[in-house]
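The same chain A turns up in both complexes below, where it pairs with chain B and then with chain C.
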Partner chain A sequence: MKVLTLNFLTCAVKACKSSSDSFPLHPKEAELAKDDVEINPQLLVNVLPRIDWAALRTTSTELGFPALPEQPPTAEELEADEKMLQELHSLLMETQIMEGKLVCGHCGHEYAIREGIANFLLPSHLV
Partner chain B sequence: MSRPEDSLLADVHYDDTEARKYTTSSRIQTIQASMTRRALELLALRSPSFILDIGCGSGLSGEILSDIPASEGGPHLWVGMDISPSMLDVALQRDVEGDLFLADIGQGVPFRAGSFDAAISISAIQWLCNAESSETSPAGRLARFFNGLYASLKRGGRAVCQFYPKNDEQKKMITSAAVKAGFGAGLLEDDPETKNAKIYLVLTVGDAGVKGDITGVVEGMDGVDVLDSRRKGKTGRGEIKKGSKAWILKKKDQMEKKGKVVKASSKYTGRKRRIQF
Partner chain C sequence: MDYLIRFSQSHETFRLPEIQALAVIEGVDLKVASYSLESPFCIVNLASEGDARRLIRRSILVQTIHELWGSGPTLEDVHAAVRERTPQFWERYMTCSFKFTLDSYQGSRSSEEKVRLIDSFSYLGFAGPIVMKRPDEEFILFEDWLWGSAVQGIKEPKHYYFGRYIATGARDMPKKLDLKKRRYISTTSMDSELALVTANLALAAPGKLMYDPFVGTGSFPIACAQFGALTFGSDIDGRSIRGDSGKKTLRGNFEQYGLLSGLGGMFTADLTNSPIRRQSLGTSSDGVQGRIFDGIVCDPPYGVREGLRVLGVRDPEKSPWVTSKGKEMYKLPDFIPPRKPYSFVAMLDDILQFSAQTLVDGGRLSFWMPTANDEDQEIPVPSHPYLETISVCTQVFNKWSRRLITYRRIPDAEVDQEAMKMWEADKEKLVGKTADELNPFRKAYFNKFEVEN
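Our next item is the complex of A and B:
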């Protein structure tokens, strides 16, 4: 699972919908892998405004990456700065969580990730 | 033709053998590919987008999303959800590019608000019309799905869901659930009244770059007839004139339902009295 996708995931439990702690999900015991993905600057610029930067900073620290700048780059800055584009691309698109767990900060529910596929099936009492 | 939806749950039906059969059948591949292209045409995406694939299965439709050339606004990034582990296993073996989730769409869509540019679903949402346990109902599952989908799409986003309804009742149930969630909804039917009829539910969030209402989606497309079955102008309520016999009968009926004592209606009910000197 890409780090980018993790930035959009929330807890699926009904009671967590209204809580702000249910986002972002916290990776635990994560095994990372790096995939080679062709860079697509236009896609990054397109997705950039929708990324929750604070959540991305939390995630990247939890995964053990160097700290990100406090403010997200603007679309123009990103287009102009080749290096930043490459760095963001490698963090968001190329870094994959292969094994581990995602933990909700509100209810503590653990979603298992196996072979890069997260299991979001809920037992019926949590739906 | 038998419908697998009638006998089994999606995750039970698509077991290892069925999933492999489904993915390797060249007939299914062609049909899925043509439906995905049609859905993409309806989504009208101009730049590389972030797309949710609902019921992605083995990634047949996702593959097409990743393969769109840059000249046509691709390649798109997609995230797939499916309930069948076997299907996802086949997708892993085929090394698809999108992220995969094992999830039940009837339990909602676990993404934060405004995540996706668009959503696509090929031959999946009719499964929502079946609920196999007493704790869930088709209407409830449909409502959770469409509410979740509505929230997870960005304003101005679109979703296209191709599905196989069992009958008109299912078609209506699915459409009305979508409308209730807030979508602008329309049905597009390819090859209507043939054996190969394909039904696409086209959904918009906000104005979605469409002029006017949902019929604006197909504006400028060749060979599309617009049939508007929405009610126009005054309906039902306004037609009964106050003081008329129908109005009196309606009022009497209402009172009776409230438990009041109401005189029996006869042919004289609501008639004018003769003029008395």
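Our next item is the complex of A and C:
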């Protein structure tokens, strides 16, 4: 699962939806892999407004990547900044979480990731 | 300038919505001058030859497009139109290599007749070499015959079109993604032709983010990735994504077609308890913030060949131990959460609501739903105040059909909030417990679509 995907995912438990602690989910015991993907600046610019930047900064730090700037770049800044494009591409598109867990910061529920596929199914007492 | 589109005569109701969607993707101003479901010929008005090429370059249902020089119910009408409208073009084709061909739809001509028809254009005066294999230019006379003309002794087609060949659509793409040669499929994988048409209707394109909440073996994401989109998907049954954990996996399919760069993320999840981040409706001012996808494409379970289930226990009072056992066991790695049957109509509403919450302005939802052909048992096309219906295409089987319905997410400001309140109130009314109560289509299907008295 790409790190980009992690930025779109929150805790599946309905009671957690209203809490800001349920997003982003926190990777635990994460095994990372790197895919070789050709950089696509158009895609990154399109993705930018859909990213929750604060959450991405948290994830980036938790996965041991260099700290991202406090504010997201604008589309124009990103297009002009080769280095930033490359960094975001490497983090969002190339880095995959293959094994490990995603933990909700609100309820503590752990979602397992196996073979790059996270499992968000809930037992009936949490539905 | 008028152009002639030569469609394939199949999936008729999908053809016009497909080229209209392609006009949106390519930013082409398209005016349809004449079209009929019964004919493969369609006349459109476009600004340039370049627009004509772009319009159909990824069309699955268009065979070819031509610069239309003349048309009419008789050959004399065609000649009159060509003489009146096109003499200024003739000069350009005086010396290039060329050929003339005849394309008779539902009809045939003897070789003498073919020669006679082609020779009737000799006044054009083209002097270049005639080359049958890859000439510089190809001129085609199309005939539209009435079905069964030969049997009825009809001697002339009902309509003629004459034009210069411009470009071919993407009719070979379904072959590339053919299910017969795909490594990993299941009983409900969507055939590649219709999956690609669905991707076109949902405006899949380079740089766009597409999502399939019932991903199965990945037919729709593969079709979207083929058009350059980044794709996401989930399924309540993780085994369908994981496959045999070797070569036969969803990821393996992307690998087979060299589309791995279009694989965003796949995960196991239930649409009614989705982990996808969502914003409450009506809270975004810029038309994007907090919303993620450009397109959502899916073929939800109909509850016939595959169960229609969501997380939960069917009857918690009758079987309290299921929940309590789950409480103890849910942290075990091989725990499988209980699932219950779910209302088909409620699920359609859930898909619409989810799409309203996660699609950017102008983003599209294209999904398949079945219905009985019998009018009294027909399941109405679902609606949502935040989604405008763009097209309804139908594939007819013996007693039932499936429809591909496409919606566009409209900006919050255009939404009728009163209608939204009513929509939410109506959704509350859906109740039921067994699969048949919950799913009118399933019930009709297993009753062989017989009308009850």
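Couple of notes before you dig in:
Just so we're on the same page, the second predicted complex is superposed on the first by the 127 of 127 C-alpha atoms of A that agree within 3 Å, B and C clash if a C-alpha of one lies under 4 Å from a C-alpha of the other, contacts with A are read in each partner's own complex, and residues count from 1 in each chain.
What we mean here is this: a residue touches a chain if its C-beta (ideal position, glycine included) is under 8 Å from a C-beta of that chain, and two chains touch if they have at least 3 such contacts.
Note that this is a predicted model, so its numbers are computed, not measured.
In the overlay built on the shared chain, the residue A:G64 is in contact with neither chain B nor chain C. Greater residue coverage of chain A by touch, when chain B is weighed against chain C, goes to C.
In the superposition on chain A, A:E115 contacts both chain B and chain C.
Of the two partner chains placed around the shared chain by superposition, chain C is the only one that A:P123 touches, whereas chain B remains out of contact. In the overlay built on the shared chain, the residue A:F23 is in contact with chain B and with chain C. Once chain A of one complex is fitted onto chain A of the other, the partner contacts of A:C11 extend to both chain B and chain C. Shared contact residues on chain A (touching chain B in one structure, chain C in the other): 1-2, 4-5, 8-12, 14, 23, 37, 40, 42-43, 46-47, 50, 52, 93, 115-122, 124, 127.
Chain C makes touch with chain A in their complex at residues 206-209, 230, 232, 234, 236, 238, 241-242, 245, 251, 260-261, 264-270, 273-277, 286, 288-289, 291-292, 294, 311-313, 316, 322-324, 326-327, 329-331, 333, 335, 337-338, 360. For chain A in complex with chain C, the touching residues are 1-2, 4-5, 7-14, 23, 35, 37-38, 40, 42-43, 45-47, 49-50, 52, 93, 110-112, 114-127. Chain B contributes residues 47-50, 75-77, 79, 81, 83, 88, 92, 97, 99-104, 107-108, 110-112, 114-117, 133, 135-136, 144, 154 to its touches with chain A in the complex. Of all residues in chain A, only 1-2, 4-5, 8-12, 14, 23, 37, 40, 42-43, 46-47, 50, 52, 93, 115-122, 124, 127 touch chain B in the complex they form.
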